[in-house]
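Okay, so subunit A shows up in both of these, paired with subunit B first and subunit C after.
Entry: the complex of A and B
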């Protein structure tokens, strides 16, 4: 391992390519922590936004007019406004008026931290798209299927969970895949509220080391790599869940 | 209205218990025109947030509505800059993306490979990272034939936004050309059209219609990405809002002003989204 690190040190001395994230242990730890934070934020948002999507799509099939109208309002608002302004709105506007609470050492701190606000805001943003995607998936399930479930004595919720959702989920996986890739890319926005994710720690590193060019390229390749891993896993999952007789 | 809401059934499978085609926009209302309901909803949201602020406001201060009215011209000026950036970026991005997209369907293998790689790379990189990339790595001035051409930050930001637009549009072009049936190419060939003639005179004119809805969608996404340039220090609507809030220095204004900006974007982007859906439906291939 040491040999690899020292090779990067040699690379800097011989060719001026300053990849301090490899040979400098402080930068290495910072970068690794940023990578972990980005992955953690992405995973939390993926799970939360899928839950929002499933619940929202369920509410949209409700018999009450106002439930589906409310969900529709939520979708349209979050889809047609910039995610950055949404994040500012959550963090500065709503976070700003919430009363402060004392922490363990008695300091008055905001009740919700910046990481949590980023997770909430991005989940709502991606969730709005997920509701649409799941709704389209549910619509692809023919009515006769849910009627058959009803004939077998399933309640509306039961037939949604056991019959419709498993089918709808498989149909909408490709679209969901797209949206989740977008979500991972949108986690960079957490930079603006100082969440120590990949972009934020990289900006700290390039301020210290003046290696903007190297860090920029590292960043681009890291994100393309992260997205590639997600796409690979989603494709594997898609294959496992494939309905026999559909698609090639 | 009720007719448009009905599902299109495919072939003879209308009533069989098989899955129907997946379509994202089937259940949305058919006409793109805004209904009064949308206005009421938006107005109710704004009033609600202003009231929340009004309750918190100290009595001696000017009311929130008066303050919002006072700053409206300034805020609109900032928002106009967002729209300007989105216009310039979509123009640059579309032209570069069209070239890249045509490269993706080129007969030459190296051109195809390079175009594909470039497209995938810029499509999968986050917008904000690309923006940082352009801001930091493009020099602030160019020396060309002894003339110094200044390159201010906002031009670099526009280029940074154009890159992902280019990559996304490249995919739109490729998808549209590939969606044209092979029969069109073969028919043109039998009429002695060259490949270039077929592409320009027969295939691309048919593609325009198919590319329009996703292109408009891309424009809406771009417009919603324009506030990102405020992070790299280019002034626009988000910066203006920050300046107003700093000038007023009142915590009760936070929610109304951010909501105001969100509503401005909503008013601009929502009609585009509805129009896109209606065009999509109009141009959809009826099976």
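Entry: the complex of A and C
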């Protein structure tokens, strides 16, 4: 391991390519922490936005007018405004008016930290798109299929959970993929409220090391890798969900 | 609940003056019929005559506008209707099978008793395997619907319905989407059921089946029952000109 680190040091000294995140232990730790924060934020937002999508789509099909209106309003709000503005809105407009609470050492701090605000804001943002994605999937399930479930005594919720949703999921996985990939990339916006994710820690590093060009390359490659892992897993999942004799 | 008054010597399904409209279109204009326990009745008639609509009203898939349908004494046309209670009693098989494509044949059969009736999984599986044999699909337990032929899928659908241990079975043109070869296997399964004493209500175009198996045949046209009778007399001594015309076209 040491040999690799010192090779990068030599690379810098001999050729001027400054990849300090490999040979400098402080930068390495910072970058690694940023990577972890990005992964953590992405995973939380993926799960939360999918849950929002599933629940929202269910409420949209509800017999009560007001629930589907509520969901419609939510979608309009989050789809028609820039995610950057949403983030600022949550952090400054809502976070700013919440009363402060004492932390463990007695300091008065905001009740919701910047990481949590980023997670909330981005989940709602991606969730709005997920609702529409799941709705499209649900509408692709033939009405006769849910009718058969109804005739067997399933309640609406049971038939949604056991029959409609599993089928809808398979239909909408490709568009869900797209949205989740977008979500992972959008986590860089958390930079603006100082969440120490990849872009934020990288900017710290290049401020100290003046290696903007190197860090830009590192950032791009890291995101290519992150998204590739996500896409790989989604495709694996798509394959395991494939039904023999159904669809393509 | 009026259910408790019901005794097996009363009609299991009793429809009285059933009216049903879709918007301005009146599809059922006063249908009345009684089905006793263990009877097998066939409803025939030209398409658009309301026979499928009627059979779907029996298990409340279509709400009716007026009249009354009693299933074992339970009023289907009741806003307070306990749908689960009704659907436990009434099984239904559809023209397009409507199996759940993401579940194997066996899972299709087992799902409702486990999820809806909350029955014990092992006990349900035993029953399901028995039903698979009964509809002659041994070895197809783990096949997905997409891997089965139409006739096989339809027999899974019958088994799936039977797994709920219904008292009445509704068959809505269950052979209409099948090729002639597979029609036979499905009809044989239904025939065995009827002979075992299952109460069956079929909407069908299979006149041969109606003649051999049914206890009673109803002919519907434009939302009313034009004529009915036991198959022996119905097919040979039909009186109404509409019935005669229909029979002459189809036989």
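Criterion: the second predicted complex is superposed on the first by the 245 of 248 C-alpha atoms of A that agree within 3 Å, B and C clash if a C-alpha of one lies under 4 Å from a C-alpha of the other, contacts with A are read in each partner's own complex, and residues count from 1 in each chain.
Please note the rule applied: contacts are C-beta pairs under 8 Å (C-beta built on N, C-alpha and C of every residue); 3 or more make two chains touch, one makes a residue touch a chain.
Note that this is a predicted model, so its numbers are computed, not measured.
After superposition on subunit A, the partners subunit B and subunit C are accommodated together without colliding. Subunit B and subunit C, viewed from the C-alpha centre of subunit A in the overlaid structures, lie at an angle of 90 degrees when rounded to the nearest 10.
Once the two complexes are overlaid on the shared chain, A:167 sits against subunit B and subunit C alike.
Contact with both subunit B and subunit C is seen for A:148 once the two complexes are overlaid on the shared chain.
Legend: residue contacts after superposition of the two complexes on their common chain; A:111 is shown touching neither subunit B nor subunit C. When the two structures are aligned on the shared chain, A:158 is found in touch with subunit C, with no touch to subunit B.
When the two complexes are overlaid on their common chain A, residue A:244 makes contact with subunit C while staying clear of subunit B.
Of the two partner chains, subunit B is the only one that A:216 touches; subunit C does not reach it.
Here subunit B and subunit C sit at a least CA-CA distance of 5 Å once the structures share a frame through chain A. Common to the subunit B and subunit C interfaces on subunit A are residues 142, 144-145, 148, 167, 243, 246. Contacts from subunit A toward subunit B in the complex involve residues 73, 76-77, 79-86, 88-89, 92-94, 96-97, 132-133, 135-137, 139-142, 144-145, 148, 167, 171-172, 175, 181, 185-189, 191-192, 199, 203, 212-213, 216, 219-220, 223-224, 227-228, 243, 246. By the touch rule above, subunit B contacts subunit A in their complex via residues 7, 15-27, 38, 41, 45, 56, 121, 124-130, 132-133, 136-137, 220, 223-228, 230-231, 238, 251-252, 254-255, 257-259, 261-262, 265-266, 269-270, 273. Listed in rising order, the residues of subunit C touching subunit A in the complex are 59, 61, 83-84, 87-88, 90-92, 94, 96, 98-102, 111-112, 115-117, 143-148, 157, 160-161, 164. Looking at the complex, you find that subunit A touches subunit C at residues 142, 144-145, 147-155, 158, 162-163, 166-167, 170, 243-246.
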